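The next part holds the structures, each set out as structure tokens.
Two complexes follow with chain A in common, the first pairing it with chain B and the second with chain C.
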Partner chain A sequence: MAAEINIKNLGGGKVIAYLNGRLDVAVSGDIEEKLVAAIEKDSIKNMVLNMDKVEYMSSSGFRVAIALLRRLKDEGGQLKICCLKPAVKRIFDVIELTSLFEIFDSEESAVASLG
Partner chain B sequence: MQSEESHRLKIQNDFAQLSQVRAQVKNFFSKNLSSKDLMQVIQSVDEAVANVIEHGYPDGRNGNIEIELLKFNDHIAIVITDDAGHFDPAALPAVNPEERYEQGLDGGIGVYIYSTFMHATREPLAGQGNRLKLVKRIE
Partner chain C sequence: MNRSAVTQKYSEKFTATIHEVPKIKEFVEKTLKDWFVREEDLQDIVLASDEAATNIVMHAYNGENKQENTLKIMIKKKGNLIEIDMEDTGLTFDIRTLPKPDIQLNLKGQKRGGFGVFLMKTLMDKINYKRKKDCNVTVLLKKINDG
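Moving on, here comes the complex of A and B:
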């Protein structure tokens, strides 16, 4: 299944972005465009990426996450990631990106960390 | 060395065909590898073929990529042969993504992933084209 995205606006410049499906090179560009458009449209500074429904993530998906992190940090904001499936978490671990991102087990704790 | 079993698939340089590649790799090796190793092999092939499609045909021409899946007694191998221009691995160094982030870059993650998960050797072919061999021992 191709990746889909749904965005829940929490107000105050905070959103939760729900990714769903297989985040590979065929869809990553589209996902990044939609996320960046949402950031610009609603002046978003703080985002939680909920990846509970992401079954697979290739390096193109990591490039999206890195681009978002850079963009939000440049605006003085934050990017938090939550609810990684074990297979996806293993990739984060192997390529040593767990130290670059703040990763949470639950959506509640990720949202709470935004302050 | 003669392989015990092999499977060959041919695709064009189209990202949409990657899901078919992942499915065939999964199907072919599912009985020989642990779920963890199988996931790593699928991801490695995905990254390697995506790199060829993304960087191998900058002129936009149609390209052909052949992926050969091989089973041996104590290891598996995947040979990816393309008809792209000679591909310089140094252009996409397999460096730690965190270092790349600090440098303001985000490329090279795919090479880093497959070089971490599998033993990778690459060679340019005479004329044009490249061959990448990925090997993983069966635990």
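Moving on, here comes the complex of A and C:
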């Protein structure tokens, strides 16, 4: 299944973006466009990317995450990632990007870290 | 599709577009599952194949996404060695020559990507390339665990 996005607005420029499905080259451009559009439309500064329902991610998914991180940091905001499936987390480790992102086991802890 | 259980060799031809890459992934995944390849090895080979196919579409075929562009995949199992041959008719393109990703340039937005080739090189044991007539032949190799 191609990735779908649902966005939950927490107010105060904070959102949780839920990704669902696979995050690969066929869908990553569309996902990035939709998330960046949401950031611009609602003046979002802080985002939690909940990837609990992402069963597969290729390097195209990393490009989306890096683009979001850059965008939010430019606005003085933050990107937190949570709930990675073991197979996806392993790829973050292999590509040595774990240190680049703040990754949390639970959505609650990721949201709490936004302050 | 040409499937021969005796020779442990499956092949299929795909259209070389980004929307076809998930089908290539599924073909590799199904074949490896048929061979009862261990989950961790399976995930590595599937992702490396996805990245290789993506790079061929984007570089050998310049991301044209034309229906006439083709990518032939052949998967072989020889003992505990998995070999994936990818043959395209695009521009001369040796996947091994792509540079390592630069995270800082990616963060600055001055460069995008480069992680796919790094993943391929890390997840597979070896990547070979040769130009055969008007084709690029990219070969991914990985020894799998029997257990």
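The definition used in the following text is that the second predicted complex is superposed on the first by the 115 of 115 C-alpha atoms of A that agree within 3 Å, B and C clash if a C-alpha of one lies under 4 Å from a C-alpha of the other, contacts with A are read in each partner's own complex, and residues count from 1 in each chain.
Just so it is clear, a residue touches a chain if its C-beta (ideal position, glycine included) is under 8 Å from a C-beta of that chain, and two chains touch if they have at least 3 such contacts.
Values in this document were obtained by computation on a predicted structure and should not be read as measured data.
Asker: Given the superposition on chain A, are chain B and chain C in a clash or a fit?
Answerer: Superposition result for chain B and chain C: clash.
Asker: Between chain B (first) and chain C (second), which, if any, makes contact with A:9: first, second, both or neither?
Answerer: A:9 sits against neither chain B nor chain C.
Asker: Going by the contact rule set out at the top, does A:70 touch chain B (first), chain C (second), both, or neither?
Answerer: A:70 sits against chain B and chain C alike.
Asker: Would you sort A:60 into first (chain B), second (chain C), both or neither based on which partner it touches?
Answerer: A:60 sits against chain B and chain C alike.
Asker: With the two structures laid over each other on chain A, which partner does A:106 touch: chain B (first), chain C (second), both, or neither?
Answerer: Once the two structures are laid over each other on A, A:106 reaches no partner at all.
Asker: Could you tell me if A:24 is touching chain B, chain C, both of them or neither one (first, second, both, neither)?
Answerer: Both partners, chain B and chain C.
Asker: Would you tell me the residues on chain A in contact with chain B in one complex that are also in contact with chain C in the other?
Answerer: Of chain A, residues 22, 24-26, 56, 58-60, 62-63, 66-67, 69-70, 87, 90-91, 94-95, 97, 100 contact chain B in one complex and chain C in the other.
Asker: Write out the stretch or stretches of chain C touching chain A in their complex.
Answerer: Interface residues on chain C, with respect to chain A: 18-19, 21-22, 25, 43, 47, 50-51, 54, 57, 103, 106-109, 112-113, 115-116, 118-119, 122-123.
Asker: Can you check the complex and tell me which residues of chain B touch chain A?
Answerer: 15-16, 18-19, 22, 36, 39, 43, 46-47, 50, 53-54, 96-98, 101, 104, 106-107, 109-110, 112-113, 116-117
Asker: How about chain A: which of its residues touch chain B in the complex?
Answerer: 22, 24-26, 56, 58-60, 62-63, 66-67, 69-70, 87, 90-91, 94-97, 99-100
Asker: Under the stated contact criterion, what part of chain A meets chain C in this complex?
Answerer: Within the complex, chain A touches chain C at residues 2, 22, 24-26, 56, 58-60, 62-63, 66-67, 69-70, 87, 90-91, 94-95, 97, 100.
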